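In the two complexes that follow, chain A is the common piece, with chain B as its partner first and chain C second.
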Partner chain A sequence: MVKHARYLLLLPGLITFIFFLVAPLLIIVMMSLYTPVWPGYTTDLTLQNYIRYITARQFPTLLSNTFFTSLLASAICLMIGFPFAYCYSFKIKSEKARNYITMFLLAPFLIDWTIRSVAWISILGDQGFMNSILLSMGVIGEPIKVLFTPTALFIIWVQTNLLFMIFPMNLALGRMNPEVIDAAKVLKAPPYRVFYEIIFKLALPGIICGFIFVFVGTISDYITPSLWAGGMQTIGLSVSTYATQFLWPQASAGGIILLIVSMAVLYILLKVVDIKKLVYE
Partner chain B sequence: MLKSNCDFSKRIFLRQNIVNLIYCIADRRTFRKLYISRTHFSLFLNEARGNPHLSKMIEVKDLVKYYKKVCALNKISFEVDEKVPFVIIGPSGCGKSTLMKILSGVLEYDSGEVYINGKNMKGVPPHKRDISLMFESYAIFPHMKVFDNIAFGLRMMRKDKDYINRKVAETLELVGMSGFENRSPLELSGGQRQRVALARSLVIEPPVLLLDEPISHVDYQLQRKLMEDFKILHKKTGATFVLTTHVQEHALTLADAMVVMNTGVIEQIGTPEEIYRTPKTVFAARFVGDVNLIPGEVASKQGNNYIVKTEIGEFTCTTPNSREAISPGVKLAYGIRPEFIDVDSKGRTCDNQLKGKFARAYYFGNYVECVFDVKGKVEVKSAVPTEQAINLKLGEEYSLGWNSGNVVLLESPSVIEGLNIEEVIYGK
Partner chain C sequence: MKRTDILARVFMVLVFVVLYLPTIFLIALSFNTSAKITFPIQGFTLDWYAGPLKPYEMNPSYIPIIHDWQFWNAVMISLRVSGITAVLTCGLVTLTALSLRYRLVGRDILFYIFLLGFVTPGVLVGLGNLLLFRILDITITEWNMIALDTIYASSFGFILMMSRFDPDLMLYEYTAAALRVGPLRVFRHITLPLIKWEVLSAGILGFLLSWGELIRSLWVVRGTGTVSIFLFVNLGVYPLTTKWFAAGTLLAVVSIAGLMVMATILSRGAK
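After this line comes the complex of A and B, so read on.
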């Protein structure tokens, strides 16, 4: 008995985990299999919630709105974030400058989400900051419509998620011995091969990690697309809509589908790279 | 010898026209083929372009490097002959690594010239130089297996697969790491990583191999083995080895020619024996081997024989003929290596004698370093063989003797100007 006493230390964590994650998830899975009747549901098990959801006319649009926008946003974050992380890790030598940049990156997170969202109206709106500057400079003749288009969605998502992309990449690049790059150069590697073979490959765990952070962050966000991208329909939004109408079985089925597809994407990403390698040595 | 050299250069001068003709006619591709396939052609070409240094593998002229406002290298000049094991020795922070990085091309320099194999290296990127560098930190690629680490250079040179497999196996055998191909470098010990780094630099068969502190970070036993290995490797590969170290033993053992560096400047260039027997400055004398230094002044001079007046008496010194004369009255340091000082020298003839109280002893196994206190003013060290040292008693007076031929006279404390010799010897 005493021998196994150490397992008791697992108990608090395990209880929290089961009570707040596994149990609710099981409830949702069960709920998604119940038969909906108006009003409420019966406990007869059925798959018709899933079948109806998947065979619905809007499902392909929902799916692409959810996944491709998220993937694209993650890709844009990567495109912007990687050069940034590279400069931050190798080009900026002074500790002071780094601290300022970190603070600058963190600043938006000191503002509440609601305020930050509303602020986009005054920035991207027809009479907003961006348009008025472009107009006064004579770059454009009439205000360009950004707000309530998918472009606005990507701008907002990139702004809010860039940090989650940059930090893991910084971690990966920061752990790198800069002499490794020099060593590759001395070993006859031309610059583009130094970049691919050494810098990119050593940063890959960080890249995948950041990609997952951004992907998870954006796929679970259904409010931004529906608010600022002209009411873009996503799976998350449909779940929320069902839920507000107390259509629990349908909402649960939507939630489970979202979960399965995003897990599949994560599984593929994690297959590509071993996250443990984020920390060498 | 000299005459034939002149004839040779004359002949080359005549050939210049032919070379120029070929240079003009041949289109770039054929020219390149010629250049690569016939070494002597490129040698003539270099000669024709007015480069008199044929056998110099590395040439550094007035190299200056600043890190912001800190001067790391201050007008460094030296030459390394082809196929010679060359050692750069100096204390940590003296600019050895900086120099190595500049030679390999990963670091820019501010002014001066660097020639490798007769070619000016200004603006030549590292991957286009005939050089390989083993980093002090080893800089092993952590994401690659041992095999891939070593094969990296060959892959970059686009060698075919069979060649790579054969070459990597050979090199691993050479450094004694066969069977480690599929290990991750993170699982290796310091000494093993060091060998992987060495193999990685060797495998691309560079004409010049730079090794930055290659044996300083492993245990003594392995250091000895590696030093032997380097000698064997050097014979096998025929490359020009340039090593840096801060351990005098490594330098004296490995080098055919060496440079003593002191914060950004070169103190002395020469063979290990030259530097050990006839150091030019106090710094060089102290850094290569141990030395007793007594500040003094030249009292009188007769040919090569000097009498130096110090605060503990007058001593004689016979300098080699090659040394330039020192005029009387010059302040200098009178230096004797501890192994030349005879303790209790009854019956032995030494032309300098001194009495000293045995103050301390440091045991080194095969010898004991005995420190004698002379008149309470100066401490004199002597390396005494252990069996003799057993008979010496602490606190007793002994006679110390040495021969004037083993003495070195050092006029300058260092190449760095403005240093007071007494301050350098006793510390401030």
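After this line comes the complex of A and C, so read on.
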């Protein structure tokens, strides 16, 4: 009876996920195999949508813009996020202070994405704060172009996604028993070995989890690159463009290719570490 | 205090400066008399917030925020969508996490299904739902946005909640059950008090993720939409003026105040 109740508890979540997530994904898979016939499609199955997408002249650019920018943004978030999570877990002792730090990390999220992004214009724009100061000091002769370049994209992405990197790492580091580190120190292990063999290895599930969160968050964001990186073309943007023209099979094929790219990265990352360890093992 | 401790704190402060730099400028420039987002600041005014409504002013970029009923309509929709998402996320995450603590048949598969909500690119979730509702001929309403936001927030909340469970929780539950206490009483008197902060955190997360959601919601929006969609659409059509910074400042101040209250409550309840 109790055992059955455990399965019953799963039902609401499972039904919701199957209806709003699994079923839509299956529909996209089917749609990507349909034959496009203007102004709609027929249900004859074909691989032409994929072949056309992959053999298109702009595909390598789309793929590299989508894949490498997300990978780089995730790496930057990791480089900033790991030291932050380390300081949070080992240097801040007061529970109260930790709660306030968590809340201050969350606060920028409640400011709308559009407003948060356009606020950078006041800092990085041609007539923004940075250029005004540098021009008035005579350091530069003309404004430095930062907005609408990949630099602006990374600044906005790091600001938006850093939280997703820090949270799982905080969880992993928070679970660490500090006595393990003390024991290593007593045994005269050099600091770099304590860091690598204990802290880094025990935090690895959190690091991978954070990396996945940021990578997936950035790879599916087609709006920021198109607006803030000078109209950078990505797979997500192409999916959106096809969809606005009601070219559903082509949009679906692009979407599945995006899913394959992100799943390939996730597969490699999950091979390195078992994410389940962070959750229930 | 050790040198490393000081360095650690300086680093954390620097990260916060980068995170909050746009917000600081957003607030400062929202009081600028000039409509242009440029430096130096021309003068101080509250007109972008509560100035008089000029007759025949049709461009939303120049209508003071207090008179912009479409903005307030979007705020109300956002509050409704995010509030319902928070409640649904709390419920789904709690039930799922409590169930998946046990070694159920197919637990790993179920785990990956729940993880799918976060790892699937948002553009796919949005497109898939749009196609699903077109095929089923279901009219798209606010509830579609709520469903998409709940899926997204539940995946994330599920991982966070499960990894924060008290390791001894199951032991207490087994002990109570061995003493023949009914499952509902066990849940009410043992489980819930021990996980209430995790449940609350899942709710906050649901609210936050829903509030800022754009990529998924854009596919299933009808009418004004949430604040995110309203601002995104308006700034794509109308010029960026100080009025939009005033709107952002209002949202920022209310959010930070709300989170401060939440931090105070959580500090009191911290184990």
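The rule we apply is simple: the second predicted complex is superposed on the first by the 249 of 281 C-alpha atoms of A that agree within 3 Å, B and C clash if a C-alpha of one lies under 4 Å from a C-alpha of the other, contacts with A are read in each partner's own complex, and residues count from 1 in each chain.
As a working rule, a contact is a pair of C-beta atoms (placed from the backbone, for glycine too) under 8 Å apart; a residue touches a chain by one contact, two chains touch by 3 or more.
Everything quoted here is computed from the prediction, not taken from an experiment.
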| item | value |
| --- | --- |
| Fit or clash between chain C and chain B when superposed on chain A | fit |
| Partner chain(s) touched by A:A107 [first = chain B, second = chain C, both, neither] | second |
| Contacts of A:V118 with chain B and chain C, given as first, second, both or neither | second |
| A:V22 touches, of chain B and chain C: first, second, both or neither? | second |
| Partner with the higher number of touched chain A residues, chain C or chain B | C |
| Which superposed partner A:P168 touches (first chain B, second chain C, both, neither) | second |
| Chain B versus chain C as contact partner of A:K145, first or second or both or neither | neither |
| First (chain B), second (chain C), both or neither touched by A:L14 | second |
| Minimum C-alpha separation between chain B and chain C after superposing on chain A, in Å | 9 |
| Touching both chain B and chain C, residues of chain A | 280 |
| Chain A residues within the chain C interface of the complex | 2, 5-7, 9-10, 12-14, 16-18, 20-25, 27-28, 31, 80, 83-84, 86-88, 91, 95-96, 99-116, 118-123, 125, 127-129, 132, 158-159, 162, 167-168, 171, 175, 209, 212-213, 216, 219-223, 236, 239-240, 243, 248, 251-252, 255-256, 258-259, 262-263, 266, 275-276, 278-280 |
| Complex contact set, residues of chain B against chain A | 101, 104-106, 125-127, 131-133, 135, 137, 139-143, 152-153, 156-157, 186, 200-201, 204 |
| Touching residues on chain C, where the partner in the complex is chain A | 4-5, 8-9, 11-12, 15-16, 18-23, 25-26, 29, 36-40, 91-93, 95-96, 98-102, 104, 107-108, 110-111, 113-125, 127-132, 135, 147-148, 150-151, 154, 156, 159-160, 162-164, 177, 183, 204, 208, 211-212, 214-215, 219, 227-228, 231-232, 235, 240, 244-245, 247-248, 251-252, 255-256, 258-260, 262-263, 266-267, 270 |
| Complex interface listing, chain A residues touching chain B | 177, 179-180, 182-191, 193, 197-198, 201-202, 277, 280-281 |
